[in-house]
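Order of writing sets the labels: A, B, C, D, E and F. Residues in every chain begin at 1.
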Amino acid sequence: MSDTATASDSAVEQTLPYYEPVGSECALFEQAYQQRLPLLLKGPTGCGKTRFVSHMAAKLGRPLFTVSCHDDLTAADLTGRYLLQGGETRWVDGPLTRAVREGGICYLDEVVEARKDVTVVLHPLTDDRRLLPLERTGELLEAPDDFMLVVSYNPGYQHILKSLKPSTRQRFVAMSFDFPPPKAECEIVARESGLAYDRCAALVNLASRLRAMKGQDLEEGVSTRLLVYCATLIAAGMPILEATQATLVEPLSDDQDVQEGLLESIKATFG
Amino acid sequence: MSDTATASDSAVEQTLPYYEPVGSECALFEQAYQQRLPLLLKGPTGCGKTRFVSHMAAKLGRPLFTVSCHDDLTAADLTGRYLLQGGETRWVDGPLTRAVREGGICYLDEVVEARKDVTVVLHPLTDDRRLLPLERTGELLEAPDDFMLVVSYNPGYQHILKSLKPSTRQRFVAMSFDFPPPKAECEIVARESGLAYDRCAALVNLASRLRAMKGQDLEEGVSTRLLVYCATLIAAGMPILEATQATLVEPLSDDQDVQEGLLESIKATFG
Amino acid sequence: MSDTATASDSAVEQTLPYYEPVGSECALFEQAYQQRLPLLLKGPTGCGKTRFVSHMAAKLGRPLFTVSCHDDLTAADLTGRYLLQGGETRWVDGPLTRAVREGGICYLDEVVEARKDVTVVLHPLTDDRRLLPLERTGELLEAPDDFMLVVSYNPGYQHILKSLKPSTRQRFVAMSFDFPPPKAECEIVARESGLAYDRCAALVNLASRLRAMKGQDLEEGVSTRLLVYCATLIAAGMPILEATQATLVEPLSDDQDVQEGLLESIKATFG
Amino acid sequence: MSDTATASDSAVEQTLPYYEPVGSECALFEQAYQQRLPLLLKGPTGCGKTRFVSHMAAKLGRPLFTVSCHDDLTAADLTGRYLLQGGETRWVDGPLTRAVREGGICYLDEVVEARKDVTVVLHPLTDDRRLLPLERTGELLEAPDDFMLVVSYNPGYQHILKSLKPSTRQRFVAMSFDFPPPKAECEIVARESGLAYDRCAALVNLASRLRAMKGQDLEEGVSTRLLVYCATLIAAGMPILEATQATLVEPLSDDQDVQEGLLESIKATFG
Amino acid sequence: MSDTATASDSAVEQTLPYYEPVGSECALFEQAYQQRLPLLLKGPTGCGKTRFVSHMAAKLGRPLFTVSCHDDLTAADLTGRYLLQGGETRWVDGPLTRAVREGGICYLDEVVEARKDVTVVLHPLTDDRRLLPLERTGELLEAPDDFMLVVSYNPGYQHILKSLKPSTRQRFVAMSFDFPPPKAECEIVARESGLAYDRCAALVNLASRLRAMKGQDLEEGVSTRLLVYCATLIAAGMPILEATQATLVEPLSDDQDVQEGLLESIKATFG
Amino acid sequence: MSDTATASDSAVEQTLPYYEPVGSECALFEQAYQQRLPLLLKGPTGCGKTRFVSHMAAKLGRPLFTVSCHDDLTAADLTGRYLLQGGETRWVDGPLTRAVREGGICYLDEVVEARKDVTVVLHPLTDDRRLLPLERTGELLEAPDDFMLVVSYNPGYQHILKSLKPSTRQRFVAMSFDFPPPKAECEIVARESGLAYDRCAALVNLASRLRAMKGQDLEEGVSTRLLVYCATLIAAGMPILEATQATLVEPLSDDQDVQEGLLESIKATFG
């Protein structure tokens, strides 16, 4: 690993980030890694995709390079660019190139947000050639066996204009994520917030009611992350109604009617 | 703190900006700060969000880095960029990076106006990792305990094309702001303008009538700021009708009918 | 004042540009200046807004920095930028920054034409902080008491896509301008053109007829400026019908029917 | 005049380009020049606007700076820019700045095609201040008495999105151009092509028939320029039908039906 | 001619590219060249426009500068730009400037694809001034008598947004091209492919059937170029049905029904 | 070959990538190569176009330069650009230029995704001139006999805005690809995955059922590549239902109903 390896890489190698498996997702990830196949994760906001990837990277002992994709992310942000430093132009590898050179896991979060040139740069890496051509340096990198590409997106709010083309999708082994089942989610919330298990159970119970409102009034159901926020504030002594208002109502909607619907569910649970 | 700390930072540490609390907003802000959770403020124009954040920053003894977001604000404006200085390229931290390095509060005003790459740069800072990756310098900054991210927007005039995605919203503890209740607003206006309390009360009374017109004819109700302007001009000797015309009518609308409706309310109060 | 102060600044300090007051606009301008409040002028094309601001700047003895806003004006055009000069990068203040540093009046003409980042750069200058953050130089300028910000626009032809957001508008004391009343306009036209007062009266009389056609056929009524042009050409010996054709018909419309309507009014007056 | 004055400037001072006056356009141009008023020319393609401006510039003994406007023309293309030359950045005046410095006529052809920032840069030059602010160099140039600004456009095919704003239009004295009356046009065509006057008369006669088709089938009537082309080819020995096909049919339309309509008129004249 | 003259220029001067005249097109081209008039060629894909221009350039003994226009072609691509070379900025002429300086033929293929600033740069070159202003170098080049400008486009698939403005079109002498008449086309195909004349006749016969399908099912009729491809493959020993499939069916359409329609015509000819 | 030739080029010359011919595609490719005609491949995602080109390049003993086209690919990415290296600007050939200089095969994958200037740069290379003009270096390269241009696209999901213009298409010999016939596909899947032939046959059988759903519910049928993925995971010990879920269901659709339809077919085959 190069001397510019980031703090996060080192951290990854030492402690295994907590992750509560729900099904056979760990096995599938490992098989894809062993067979050198790229992996696509699909699932809603805040359900644990990023945590899962951190967990698996640590378990497999590989450095993790995470990139949050967005409209203005260019292929050069992934592969690298020439920078002027001390009167010299010096090539600086991007995170994808580093993962290929060093043999690590490159995780592109919300890949559908990226520009087209980003997804196309992935093509030669995701067929049997496993190549990364760096046109600017004239290099053609061959990915080592311990390189893996993982991408994710949320199928719940893709635009028509923003979706993966079949010619990109069909290059990945894929799996769907969802919020964890109640028991697992209770354990996650309790572990992360320090709130007692049975108080977390009430929150998880509430979450399933709120999630049932999705599609009608809510763009997205309440995430496990927000449940952790809520439990954290309650554990710190904040009254339940204030904590739920700040974490399970206000972040979900600006609409007064929707907010009242959410509050009713909350009062029905804790009132 | 670095030697380039701005005048405003120093000021913040010495005098506590005046702020009249309305509910439990100070407690929620402090809890979010203690628990290292990012905070989202929602509320109309000129109701005191910026002042509130200044107040809390001073109370917590942390420097404040405020960024007014807009269409052309890029991620680099927040994180920093290389500048050519004296034949050398030198990295200059942006306000977000400074807040992370120095442990301060970074406040992004009207965050929905920013480009997508800006909101995405916030993602790793707003999950449990609290990381700020600087791809250009190869650094991966871990936010210290006394770093806090606060963002705000006005839910009243979001466009369809400009709104926070659920995957961003659900990363924040959130609270709604509104204009202060009459008594508190009177005190604010009197204190800021130097006009006698009872004359301010008449203006606040008028404001509630004008705010009732919002939605029908007015895009946004009259702000506390404009009441302060009005009281300031009256305190300086300007006739009431001229002062209200210049501060409570002309800034609110260009439409002749709407202006006349506003004037009628004014004359009914002061005529 | 810096040694690069422009010729216009010096001129401003020596002669008071002629301006014929119509109401209490001078008093309101002075009060806003004394109370350090930003000012918004609204009014049609060529009615004297720019002249009024020049007049007030001279009266108050402050240098004036005028910026005509447009689609491609960026925040950097107002605040300044680094320029390469003699192998060195040197920071060059923009007009807004100069007005803040030197204590002058910065006038942004047709502010609704500017890009969003321009209006947002004005926000910290237009609340009680009166600050101008220069992110590129790391400075945070506090505006002195003799700095004033004045902006203007023409409410007559704003697009839906181009209007001031309430969060910007509500930061200004505002006033409406219109064409001067007949007597004042006669005096202005006579003084500027050198044409005899009673001949100017006939032109002003004609102008009020032509302005009545606005909205039906004309996008904008004939401006005082065009009346001055017309009177100037007549004073120079041009026949009345030719002069009015060139200044009160051709500049107003390309439509043959509208032009004939205008000509009829002209012939009814001078025929 | 600077040592970089162009060949065309010199030419202008020596020979008076041929121009056949149609009405009082020369007098109006001279009056506008004497009174320091900017001038707007309106008229169809190829009717002689550019030639007229060349003629007047020569008559008044002023250098002429012509700029053909287009979508990508920026304010800097008019005012000037810094260029890197021999390791130094050197300011290079644009044509508008040269005209202001040297006292010449700046002619912006098809001004409606230009970007908004171009028209706004003209504003301070077209009110009584007659100023050209060069923000990049920090200069504020005052236009000398022998500077004149002339702009033109074709009202026949303006788009809704491309038109002069009233706030720009009302800064100009304006006049409409049309194709010259038959006798004048015959003289022009004969003089330019060398074809005998009576053969030119037949072409001019044909042109008036073809121009009558405009609006129904033709976007624009046949220009005087194309008549000169046609006469030139006939004078060089080309058969009439071939010459008219190549100059009065093919350049006007791609539509087979329209072409046949044009051919019928031609055959009716020459058949 | 400068020492950077391209290989193609030299070639042009030595061998006359084969061209089979169809009508008086060579005479018209020569007349336009003699009279210094610009020329516009209109016609479908692959009918021989480019070959015709090469032929005429060689016949007239002038170097040819061909530019294929596209969306991103800028005026600087035609006129030239400053390039950094060995620490020096050096001006490098574009193909249009070279043609003007050296006295050659500049051919802009598919000119409607170019950006607006490209067509406007042609305006001063296409009126009687025949000037090319190079604003960046401050030069004003006068075109020599042996300079000629030729442009072309395909009227068959212009978009509404992409068409020559009348003010540009009316600057050119124009002519329409079409596929050559059968006998000429047979000779062309036989000469280029080496296939026997009577076998080529069958292909040309087939082409006229396929061209009749244009407009209904086909965007564009089969080009002479594709006939040459087809004959070349047949001459090389490929079975007729395979050769026609690969050259007269697949390149014309992706639609199964259209392909079958084409195949039926082919089988009816060769079956 | 230059000393910067990539690893892939060398590889190509040593081992012949496995390819299972389906019809006369190899003969057509060779004929096009011999006759110096450019080739267009059409076909669905993952059916083997890229593999076919690799195979033919190796068979013909020519280096292969593959470019995946996308929205932001510019002509300079193909032809080359000046790069600053060690204070010097040095020209670096792009892949197309290298293929022309060295005599190789340049393959542009998904060419319809490229910008217009990319397709236009191919025009002089795809007519009888076979030229590549490098405007920036002033070179005009003539392609050697062993240069060949191959492009591909997927006709199944072209947008209206993204398609090859006839003037580009008609420059290519073309052929359609489809998924291989069952027997060939079984052999490919078995060879690539190591799974027994008869188990592969069941998968290929399933694929034909799933492909029948295309158009109704699926944008694109399951690719041979995904069959290889599936067989690979099964060969590695993964249960059939899990492997098919991860490779033949999740990568094809996010729609619950479609996924269930796919699963039914799978269960009907393996249940």
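Throughout what follows, contacts are C-beta pairs under 8 Å (C-beta built on N, C-alpha and C of every residue); 3 or more make two chains touch, one makes a residue touch a chain.
No experiment lies behind these values; they were computed from the predicted model shown.
J.: Hey, what chains does subunit C share as contacts with subunit F?
T.: none
J.: Let me check something: if the centre of a chain is the mean of its CA atoms, which chain is farthest from subunit C?
T.: F
J.: Could you check if the interface between copies subunit A and subunit F is built from the same residues on both sides, meaning over half shared, or from different ones?
T.: different
J.: So how far apart, in whole Å, are subunit B and subunit F when each is placed at the average of its C-alpha atoms?
T.: 53
J.: Between subunit D and subunit E, what distance separates the C-alpha centroids? Give it in angstrom.
T.: For subunit D versus subunit E, the centre distance works out to 30 Å.
J.: So what's the Cα centroid distance for subunit B and subunit E, whole Å?
T.: 61
J.: So which stretches of subunit F touch two or more other chains?
T.: Where subunit F meets two or more other chains at a single residue, that happens at 84, 87.
J.: If each protein chain is taken as a node and each touching pair as an edge, is the resulting graph a line, ring, star, complete or other?
T.: Contact map by chain: ring.
J.: Once bound in the complex, which stretches of subunit E touch subunit F?
T.: It is residues 4, 6-8, 45-46, 50, 66, 68-73, 77, 83-87, 92, 94-95, 109-110, 113, 154, 157, 192, 219-220, 222-223, 225-226, 229, 232-233, 236, 238, 242, 245-247, 250-252, 254 of subunit E that touch subunit F.
J.: Give the list of subunit A residues in touch with subunit F in this complex.
T.: Per the touch definition, subunit A meets subunit F at residues 24, 27-28, 31, 34-35, 37, 40, 42, 74-75, 82, 84, 87-89, 115-117, 119-121, 123-124, 127-129, 131, 133, 135-136, 138-140, 142, 155, 158, 165-167, 169-176.
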